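Following this line, the structures themselves.
Look at the two complexes coming up: subunit A is in both, with subunit B in one and subunit C in the other.
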Partner chain A sequence: MDDIYLIAVLSNIGMISFIALSAYLLLVVGEISFGQQAFFAVSAYGSGIATAMWGWPIWLGLLWGALVAGAAALVVAIPTVRLRGLYFSVATLAFAEMVRLIFEIFTYQVEIEGELVGPDGSDGFRDIRAIYDSNVSDFEYLLIIYGLLSVVLIGFLILERSRLGAIFRMIGEDPLLTEMQGLNVNAYKILAVVMAGVVAGIGGALYAHLATYVEPKIFNVMLGVHALAYGLIGGLGTAVGPLIGVAIDIGLLESIRAISGYRMIVFGGLVAVLLIVRPRGLLDEAAVHWLRGRWRGLVRAEN
Partner chain B sequence: MRTLTAVLALSAMLMASGAAMAGERVAADVSCTATAEKLTYDCMIMLKGKKSSEPVEGAEVVVKADMPSMPLAHNVRPVKAAAGSMPGHYTATLELEMHGEWALTLDVSGPTRDRVVKKLHFGGASGETEHLHEEMKDHGGDMDHGEMKMEESQ
Partner chain C sequence: MLRIEGLSRSFGGVAALEALDLAVADGEVVGLIGPNGSGKTTLFNVITGVHAADSGRVLLRDEDITKSTPAAIVRLGIARTFQNLRIFQRMSVRENVWVGQHSLPSVGPLGLLSNRSAAERARRAEVDGLLDAVGLADRRNVLAGSLPLPEQRRLELARALARSPALLLLDEPAGGMTPAETAEMAALIRDFAVPGRTCIVIEHKLDLISTLCQRLCVLNFGRKIADGEPGQVLEHPEVLEAYLGGDTLDA
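Entry: the complex of A and B
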């Protein structure tokens, strides 16, 4: 049982890391989104429909889920791109709630082998069994989750060292000055929102196929708030930051079983304290710069 | 980089593997009663074949619990259910972290392999009069949607 438990905790850490990275990307461009759970949801339903109802292979279902989430993000990005600060946050929250409420009434079912399969409004979407029916064990699925997470994380680390990454950070620092450099801030922000939607979508598709069951209630604002908090706890200096946030919440706090029932309270307190003492998280830009300097120093000393 | 390539290759192989489910789908009925210990519930699980209605005997049943309204937030330890006194009956003791609606995932293996998700509401202000109402949202089960069942503990 301990193995099953450990694999379940690690799987949860892996899947929620996607939505944490998604919220982090928007934090980098200076926007706070309370709505990343919407893209997680769209992909969970989209990929579930593709594999459970249309019979698509799992890899195509995951890809489809991510693309649908990216398309949904584009739909949000175009009208909201000119909004700043609180207005953007409220707009993303409103969109996410809208998506959740649509799934509360969304019914689309087909009969497969005598069973009705598909989303059934508030009753949720059952029998997303592509992974289960393929006899993929929980451990094997864990490897899939972390394989994809590694790809996304490496992508983020490459992005951080690229011109595009520098532009994203510039927009986060001062969009007006960025505009004065001749850069189209709105276009780059739309790109960031779509990329963030795709990343959240990968997590949503993975979640739906592990759980085999999703319902609208899963994608409430709590998931979005957590996603946001992970970046703010772990730090906005590097993409590793939000993963540290996830590890602290699920890993560290979960390991202290005495407080597990009160984890949300401890987590809320932790976010509040960190926002006061380290507004850009544990691994903020200054910490990352210092660590890189130390690393370079060590490498030079070795040579 | 080589490790990453190996992990990705394994992921691709696993994704490409074909379906191989054997046996009949399982219908499950779950009822839980509160114990003297806070947030601890004794659950009775009844499994039967979905089409044959024959009790599922000799199965290994692992029960996992998650809260739909707080996804990925609770990591309740999975519990292996013990065979009950009657055919197709299994018992498990769940230690939850809070009251509210929980989704119980029953992983059935042995004579047949299936996964059944049941949603239950664990509630009650005091440990003495815990009430449980089960929504018959049966993943692979045979109950009608909307049917309600109320059960009161000792």
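Entry: the complex of A and C
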């Protein structure tokens, strides 16, 4: 295995981890979204437009992409917040398909150095070259991806132990009982959807700049379905769960060439088996609770 | 504390509450009894905003809360437990009490994120105090779903008290318990939950009611048929009729 291939695989794992965390956050609040790819797409386009067309620096483009994705999520969250279960899922799917179809016809180009740059409908958006223009190597970009992923992951881990994280879990388990603790369930659900949109957006912006080219069909529903499956495989007890899911899928199934042809068969089978034997994934709440208990025991033994 | 005026609520043509009037004074402990389906839990659900009232008003300290959301009502100082037990099964015992504090004004937006502030440590100490009081101190790190039923009921009580509510609504706090467990629960409620607050208790078990309540209110088919001192109420002919027609009082 050569270095370039390894860097490409690791970059891919890193970028997909963001959309996995995004879908995971909604699974925690008890909702299944088939539409997180829409926020990934909105940010990919938004950040690409900012850097390639408006000449913004890369870091500002990433930030802008994440913010636009968060704003799109807010637009989705307000009308759908009262929907539960299947109705919420269908609404997110419909929204994502709508976004994809809009990008199929969305054309916005400007001439830069004699060439037309910008989204061109179904032909996609080429030449998002910011990282190459500023001489960032693939390895350096890998570090940027994992740096941002670490920040987001640490944020999730802090959230998990905070009251806000507990509120998200409470809503996922019993919305009425959550309301009965004096908490406005709909407001917190909107917050979760927006946060999930921002997280997916960071991944989308990183993706657009590494690939330099995006087109609407990349952001089809299969991306969203995978994002969901990562949490369901790796576990819903902690944010580390979906990352394990990504590592299993992309790290093992897609990247080991001998088995990559059977990826979807193995992956689909894995999801089906886990849903039956461990419906909340490998690291479910009980497993995480047990691990924390062991950890506390170890810390106490040390002292 | 609480005043209910002409409250009605029906489900698909069946009247669960019919023109109900009830006033509960500060510090009073009222037992709410009645046969199954007489509207007791519906009354709790309407007071807490889970179900909307068809007509009538609910006033808490003279403030009309009939149309408020459950969250807003809880923040005004009402806490309740549930007949069919509601706890967060996937959280630890300690977290189940801790969650009761989330919406306290003293927590605020920053408190929702910080784990290490002195105020947060003080609040966690309060949680441990409550667990101690209901006898769950050594169970605090267990997942709540794995507790046996009597302990789950005590956990629910601790969670309801976490906000220091002015009005406490207990829906069959000893449901499914043995006589010994019931006596323990009654003592716990009397000595720990009731002092300093107003309380309405739905219960079938007479020994619990007689331990706790100075006043008894009987519902039948959504109407109040008796209200007063327990001794008199239980002699009331309509009450005897309602019960002996179907259930016995200790059922």
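To be clear about the criterion, the second predicted complex is superposed on the first by the 299 of 303 C-alpha atoms of A that agree within 3 Å, B and C clash if a C-alpha of one lies under 4 Å from a C-alpha of the other, contacts with A are read in each partner's own complex, and residues count from 1 in each chain.
In the analysis below, a contact is a pair of C-beta atoms (placed from the backbone, for glycine too) under 8 Å apart; a residue touches a chain by one contact, two chains touch by 3 or more.
Just so it is clear, the model here is predicted, and its values are computed rather than measured.
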| item | value |
| --- | --- |
| Three-chain arrangement built on subunit A, subunit B and subunit C clash or fit | fit |
| Partner chain(s) touched by A:L282 [first = subunit B, second = subunit C, both, neither] | neither |
| Touching partner for A:V266 - first (subunit B), second (subunit C), both, neither | neither |
| First (subunit B), second (subunit C), both or neither touched by A:I248 | neither |
| Superposition-derived comparison: subunit B or subunit C, residues of subunit A touched | B |
| Touching partner for A:I167 - first (subunit B), second (subunit C), both, neither | second |
| First (subunit B), second (subunit C), both or neither touched by A:D127 | first |
| Contacts of A:L177 with subunit B and subunit C, given as first, second, both or neither | second |
| Subunit B, subunit C and vertex subunit A (Cα centres) - angle in steps of 10° | 170 |
| Touched partner set for A:V185, first subunit B, second subunit C, both or neither | second |
| Partner chain in contact with A:N220 - subunit B first, subunit C second, else both or neither | first |
| Smallest separation of CA atoms, subunit C relative to subunit B, angstrom | 18 |
| Those residues of subunit A which subunit B touches in one complex and subunit C touches in the other | none |
| List of subunit B residues in touch with subunit A within their complex | 4, 7-8, 10-12, 14-21, 25, 39, 62, 64, 66, 68-75, 77-80, 97-98, 101, 103, 105, 115, 117, 137, 139-140, 145 |
| Residue ranges of subunit C in contact with subunit A within the complex | 48, 50, 69-72, 74-75, 80, 82, 86-92, 95, 98-104, 107, 111-115, 141, 143, 159, 163 |
| Complex contacts: residues of subunit A adjacent to subunit B | 1, 4-5, 8-9, 12, 15-16, 57-59, 115, 123-124, 126-127, 129, 132-136, 140-141, 143-144, 146-148, 150-151, 154, 207, 211-213, 215, 217-220, 222-223, 226, 250, 254, 260-261, 263-264 |
| In the complex, subunit A residues that touch subunit C | 158-159, 161-164, 166-167, 169-170, 173-174, 176-177, 179-185, 285-286, 289, 293, 296 |
